[in-house]
Amino acid sequence: MNDIILQIESIKKSFVRNIINIRGEQEDERFYIIDDLDLLIPQGKITALIGGNGAGKTTLFNIISNFIKADSGDVLYKKNDSLMSIIGLPTFKITRMGIGRMFQDDHIFPNMSVLENMLLADNDKFGETPFISLLKPKQNRNIEKERIEKAQHIFANLFGKSNPLWDKKDDLAKSLSFGQQRLLGLTRLFMGNYKLVLLDEPTAGVNPQIIQQALGIIRRLVTENEVTVFLIEHNMKVVLELADFCSFMSHGKITAFGTPEDVIGNDEVRKTYLGI
Amino acid sequence: MNYIFHILIMINIYVILTVSTNLLVGMTNLLSLGQAAFYGIGAYLAVFALMVLKLPLIPVIILVMIGTALFSLIIAYPSLRLKGDYFVLATLGFQLIVFTILYNLVSVTRGPYGIPGIPAPKLFGVMQISGLVPFLILSLILAIITIFVFYKLVHTPFGRALKGLRDDEIAISSLGRNVTVFKIWAFVISSAFIGIAGFIYAAYVSYIDPTSFNLDEAIFILAAVLIGGTGNIKGPVVGAIFVVVLPELLRFVGFPDSVAANLRQIVYGMSLIVLMLYRPQGIAGEYRLQ
Amino acid sequence: MLLQLLANGIIMGSVYALVALGFALVYNTTKTFHIAYAAIYMFSSYMVLSFYKFLQMPLLISFLIAIFLTMGLSILIERTVYLPLVKKNSSLNVIMISSIGVMIVVINMIAMFYGNETQILNPNISKSVTFGNIILTHTQLAQLVISLMVIGIFITFLKYSKFGIKTRAMRDDNILCTVFGMNINRMRLSLFGLSAIFAAVGGGLVAYDVGMDPYIGMPMLLNGVVALIIGGVGRFEAPILGGFIIGIMQSLAVWVFSSRWQDAVTFSLLLIFLLFRPQGLLGEKQRAV
């Protein structure tokens, strides 16, 4: 049986919205976007999260990363062979524990170069306090060199020795095409030495060629770096091609879990989500 | 010649002020209206060190830096939880409260009567720094040190992390940086050096009163940074030179002092408006204010 | 004594409420941090001065012309500075900085033409009226009555007129408003014009009481901003409450400490609220954090 790297337990998240009730009056209604959600993420595998728009998938990711606070529930992460609660920990701490994140809108650094984007993603943050950065120039230089080599190595490994992204390494990230920005958002995950990465719709809005490259990157994350992948996807082909497991979210809960074929073949899923 | 020396000393003081403020406003994108408060705190701490503790030059500088930095921590920690306009308002609030305390706590600061007769700092307890040329050398050295420190900071991983923070706070925190700590660093470092400018001013003019450190001065320093340019070292230096030299130019052209004072303010104000409309990175800056 | 202080506080508070309301009108709807509002406030006083004292026109006419000209200034600023910046997608910080620039320019132009000294509108000592233990000057009464009138008219307008509904809609969501066909740019003009009326009325009332100098705008603006924070951003009733609270607190501060520390009380209130209750007393619990 697989080890569990992330255990999501009884998560509830609601917000209050102002509606017009049947009597035509304004009133506040508490709306549960996540309603007692449980999910186990197996280590070393690719698990997909599918569900309708607005089902709360990104909200769940934001709760795990602590950009949003859950109303109740817990998130347990496997650290040193035991599960520890990480819910509510500040975002930077969650990252430092080995959980990486890719966003729907990429969130790369537009006004910094491609190379700087990679260097900023390094898990070794030596030299980022003012005193050390000023007082240890030699050590800084060495670690910088290592960082740059690491980035170069990652690019060569993923895209081949001569690749357009590395050629653009000194260009500002905002000058990249949308697809290239997406690839950058994925590639920088290799700098972070993560154990688990949360990918929010990595193939959305990009052309098929980029999709294939993205899938290749994700696969190599798992096979070469033993990273567990948890991804939100709307593209069923990608889910079938890529994922080992699939979970279906509706009504604020996980209502189906299994292999992609099982879940996508599930009657409820077909009716409510796929519409077929 | 004396006149030129005086201008140069003031330029050095303002270079320290603008380069420091730029770390906060240009590099970390934290718009602050509170710089003059630290300028004043630095000045009054310097007076305390020179007149009460009777310390020589280097300990005075160290005391001023650490003292101003500690004060800024008190302000930074609660304020940095606030976002956007609320943060600016918090800095405004602190600026005003510091001024009010300096002005009204007459028993300690002599309030509006000011503190005259600030003694010349003694280098190694022997050599007195008084007179135009010694102050020119002192202010120039300190300005160069400031420029050097901030330049270095920008070109290190620390500076890169700040730039990342400025570019996308969500991204940088998802990459494992504690955003609040970085903002506090920016606050504390810039305040420490602003305090030094306060020391130079106090020792050079040998008289201080709170009106030199009020909201108008805070806006003035901010305007100097914005006009000169944000995000690099060149910009603030240009800004400092601009705001110190302009009044003198106006005087040369022949405007009477009373009109010149208003006129130069109008120039600053128009510069701000025009720059924000057409060139938000300032004259020589590289970061367009977001 | 206490009653007198309370009365003074309430009267001063009514003017603060007026000014705060004018600032909030623009801030809540367009998110513009209209620091230049300080200059607009001061400008109206000088317009009254020009027509009443220099051109010897009747007081009421001077007031009306001043209001009209102040509206003109406000609309000019909106059209030439704020709207172009909004069209360029400028950040709120950039707009605030440009507002600071406008304030500096206007204040110094007034100072250049009229001088830095205090000027007064009414050289006579105002007659007073006694209510039991409280003595109020006619000017104070005028301040209270006129301020309350203007505020009252506005609140009614806000609740029941089409303009009021549009204003409240803009406060909630500008983009949604355009989707529903509202001409935002025209609304902005009306809002800036309306806020100028508040500033002008407040400016005129205070100027008649204590006179003016080119630098009276900023302290008054600060009171308005603090009133807004204390009351709460969002609802338009909030700055009114905030204004009265500040007026009363300042009055009491004079009694408890001394007039020297009046400002410290106001600014301390600002900080306390920013740090512990940024949504103010009446605001919706939005996150300032």
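Order of writing sets the chain letters: A, B and C. Residues in each chain are counted from 1.
Just so we're on the same page, contacts are C-beta pairs under 8 Å (C-beta built on N, C-alpha and C of every residue); 3 or more make two chains touch, one makes a residue touch a chain.
Computed from a predicted model, the values in this text were never measured in an experiment.
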Each chain counted as touching subunit A and subunit C at once: B
Chain located farthest away, centre of subunit B as origin (C-alpha): A
Best-connected chain pair, where connection means C-beta pairs in contact: B-C
Centroid spacing, where centroids are CA-atom means, of subunit A and subunit C in whole angstrom: 48
Centre distance in Å when subunit A and subunit B are each reduced to the mean of their C-alpha atoms: 42
Length of the line joining the C-alpha centres of subunit B and subunit C, rounded to whole Å: 31
Footprint of subunit A on subunit B - complex, ascending: 149, 152-153, 156-161, 163-164, 167-168, 170-179, 185, 189, 287
Residues on subunit C engaged by subunit B in the complex (per definition of touch): 33, 81, 84-85, 88, 90-98, 100-105, 107-109, 111-112, 116, 218, 222, 225, 229, 260-261, 263-264, 267-268, 270-271, 274-275, 278, 287-289
Subunit B residues touching subunit C - in the complex, by the definition given at the top: 31, 78-79, 81-86, 88-90, 92-94, 96-97, 100-101, 104, 215, 219, 222-223, 226, 258-259, 262-263, 265-266, 268-273, 276-277, 280, 289-290
Interface residues, subunit A side, partner subunit B - complex: 65, 67, 90-92, 95-96, 100-101, 103, 107-112, 116, 119-121, 123, 125-130, 132-134, 140, 144, 192
